[in-house]
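Following this message is one structure expressed as structure tokens.
For clarity, chains are labelled A, B and C in written order, and residue numbers in each chain start from 1.
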Amino acid sequence: MEHFIPYPARQGFRKRWSQRAAFLLFRLFSLVVAATLVIILGFIVWKGAGAISWEFLTEAPSNGMTSGGIFPALVGTLLLMLGSALVAFPLGIMSGIYMNEYATRGWLVRFIRIMTNNLAGIPSIVFGLFGMALFVQYLGFGDSILAGSLTLGLLSLPLVIRTTEEALKDIPDAYREGSLALGASKLQTIRKVILPMGMPRIVTGLILSLGRVSGETAPILFTCAAYFFPQLPSSIFDPCMALPYHLYVISTSGTDLEAQQPLAYGTALVLVAIILLVNLLANALRRYFQHKVKMK
Amino acid sequence: MKKLLEKLVASIFTVSGLLTSIVILLIVGFLFSEGAGLFRNRIIDPGYVLAVNKSNPVRELSPEQIKAIFDSDLVDWAEVGGDSGPIVPFRLEDADRYFSEAQLGPNYEHAGRLIAELIERTPGIVAFVPGQMLPPDAEIAFIEDRTISFSEIFAGKEWFPTATPSPLFGIVPLVTGTLWVSFFAILFAFPFGIGVSVYLSEIASERTRQLLRPVIELLNGIPSVVYGFFGLVVIVPLLQRVFGLPVGESGLAGSIVLAIMALPTIIAVAEDAMHNCPRAMREASLALGATQWQTIYRVVIPYSISGIASGVVLGIGRAVGETMAVLMVTGNAAVIPTSILEPLRTIPATIAAELGEAPAGGAHYESLFLLGIVLFFITLAINLGVEAISSKSRS
Amino acid sequence: MEKILIRDVNFWYGDFHALKNVSLGIEEREVVAFIGPSGCGKSTLLRLLNRMNDLIPATRLTGEILLDGRDIYDRQEDVDRLRKEVGMVFQRPNPFPKSIFDNVAYGLRVNGIRDKEFIAHRVEETLRGAALWDEVKDKLKASAFALSGGQQQRLCIARAMAVAPSVLLMDEPASALDPISTAKIEELIRELRREVTIVIVTHNMQQAARVSDRTAFFYMGEMVEYGLTKLIFTDPLKEATQNYITGRFG
């Protein structure tokens, strides 16, 4: 088998340079993507910082939304986050537990997983249509926090399910068997062993899903969001203002777009700040829990 | 007692496991029950008729022809299969151009008789009037009213849901607008998405990776209105200046914003796939004298190609369904796009922009639910495609 | 002159001192076996010979490794070219998810050979050399994954030999295989020694005794003993070697 294999003379040179060129290109691409984020965030912070003040955060919009603050929208968004959490968290976690701990037959789990993925892929505007038809019209909730929360809750359901499922999947079976071998029932095992172990990752996922809810506009357009509703809602059957919708409204329509612009920048900044906060919190939690696991 | 509780809890879990399926069924059910109503609507506004002179042989007009006639774009009966002669469109509002107030009577009580007579003596007229208004004995003919046809919706080239006497529900411009803007978005996002995922998975040092991952995650977290707002105040004016456009709101602006929004999805999925390429594969390649780059494009990328494809398809899904950002930057002109630099309008943006003004239960309202169904099935197809791709790679 | 000369090599993974003052020489067209308990550093040393450990971050090397008298850790060294000269076969068969033909042709292609006729010729020659040709000649286009484990490993050997290396490193090449496949691999090693210098890491003492000319015994990062296989297995100088060979630990 001994033969001379020709090694083209400039082969090493060519190999090295095509690698250098390719890697340079990829570095450049990554730099551009990172720069995009920096530019978007930087721009909004730079333009929006001037609008932020205590009054901006605590007052209702006034003068046809050309002055004043965003207080009702801020409260509305927080209420919607809370409402959707009440809908999605229990249902989603239970569903995730079912898929990982109870469903043993392969095709059923597969089917549910496909359905969950499909639900995750449905555009948010379709959720909006659905929420309007079911909650607003059919069930007669009207444009209300209730209808909005339910719609947003269903929207974030797949995310919660997937988070829970993935968190539980990573727990080794040895723990389940260990607990069952001690005479614990399945439910006890889930409650005492599996859930506490999976909790850190589940909580992280839940926080991220809250972040997503806070920025959604399309699902609440027709189920909840009010163009202008300066007083705070008094019941869950009231509509409410919400930050993302408010940003949409004051940046695209209104009496005086020019005068509204600083308020729009301010609103965008608050929205971005919520997302940043949520992401930082999730990352911090992730680190904290990782650290804790290592300490054990 | 304990056994019973276990059973109960197990069944509750089972039901919640099926929840997503139930929700999807409900979504399909409600969208269909509202959207299917569109096919029961007639081409002419309810309560109204289109009356013509008895001598006129034309009895059938398509909604598009009716709209063109009343917009005075169609002026000769020969163009719609009749005898040559000018078309005289007549709306109720036009009555006072033909008759004095005294003739019509204080409560318009003579209007029906007068209009009927007008139709009888004007060969080229086509009158859009409430059916009950015309006296039953009038010697006039009517354009046949029928329900909206399937092809008028799915092959119709005009979207004009508020037109009278005959609204147009052709979704072709909206579908092409959606595909057009998504196509360009993926075209922009693809090289960057693949480049960044290769960089993250294969080239970057652990420290850079730790730095870049949260950046991608954050890009994913920024709400679409914020992207839309950024597009509106930065990208739109920029494009207007660079390309010298009359308006900066254009398909291109939408594509750029969508590309940024689709990136995190593509990167996350593609990087994950490349990361899963076994170390043994890479080592085998390197041990044969391949460079790292040769290893990447000859081994790692082919190995993870289905994951990369899933990522790209999911990115398309995200672009197709995106609403707010697109609504804010594409200019929303419901015409079939000929250039990416023109304003265009997508399905989600149409729903978002028009549902607020469409009276519940009307044809316009139903047509928006029909758009919802179309969008639902497009994304369903995309998701099932991803499912097929990734299950193929598993086996 | 030795084909490979290892001089005072020390190697660290982070803080872990994995190889301590290792020196040995390997003659051309010899089969040298590295034996020793898990974690003794034998695989680490093997992977230093084609700089595979370059891929692991936070490692440090002192000392010299010479191939044909040139320092392979020299700044000027072209690592890809080195790896073409020093082939490697891994513990588990790791064919690419490509056809049998493309697997063997891979090394030629990445090294810039475009001549189709030459590639086809070389693939056949190499597969014959690996005693695999008769088994696969009718299904060269089939996926390499369709082969049995033993066939896959012989394919990997053929793949490594296709670029005509002068040294072949084998990292426990038969540990994942059944006894019959193992025997075939060993036979192949005896064939290949006529063409290349072979360094083989193995857990299996009988295997080392059967295939190698010289054996090096490693323990806790140190090379305890190195010599003719016959002597090592019958009359080791050190007690640790004796204990290991007779199965008292490891």
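Observations on the structure shown:
Basically, contacts are C-beta pairs under 8 Å (C-beta built on N, C-alpha and C of every residue); 3 or more make two chains touch, one makes a residue touch a chain.
Nothing here was measured: the structure is a model prediction, and the numbers come from that model.
Note on connectivity: the fewest chain-to-chain touch steps from chain B to chain C number 1.
Nearest to the overall CA centre, using the mean of each chain's CA atoms, is chain A.
Chain geometry summary: the mean Cα position of chain B and that of chain C are 60 Å apart.
The mean-CA centres of chain A and chain C are about 50 angstrom from one another, to the nearest whole unit.
In this assembly, the C-alpha centroid of chain A lies 24 Å from the C-alpha centroid of chain B.
Residues of chain C found to touch two or more other chains are 80-81, 84, 111, 163. For chain B, the set of residues that touch two or more other chains comprises 291, 294. Counting partner chains per residue, chain A has residues 15-16 touching two or more of them. Those residues of chain C lying in contact with chain A across their complex are 78, 80-81, 84, 108, 111-113, 122, 125-126, 128-129, 161, 163-164, 195.
Those residues of chain B whose C-beta lies close enough to touch chain A in the complex are 2, 5-6, 9-10, 12-14, 16-21, 23-24, 26-27, 30-31, 33-34, 191-192, 195-196, 198-200, 203-204, 212, 214-219, 221-230, 232-234, 260, 263, 267, 291-294, 296-297, 314, 317, 320-324, 327-328, 348, 351-352, 355-356, 360, 368-369, 372, 375-376, 379-380, 382-384, 386-387. Note for the complex: chain A touches chain C at residues 1-8, 11-12, 14-16. Chain B makes touch with chain C in their complex at residues 205-206, 278, 280-291, 294, 298-299, 302-303. Chain contact summary for the complex, chain C toward chain B: residues 50, 52, 55, 57, 80-85, 87-88, 90, 92, 94-98, 106-107, 109-111, 156, 159-160, 163.
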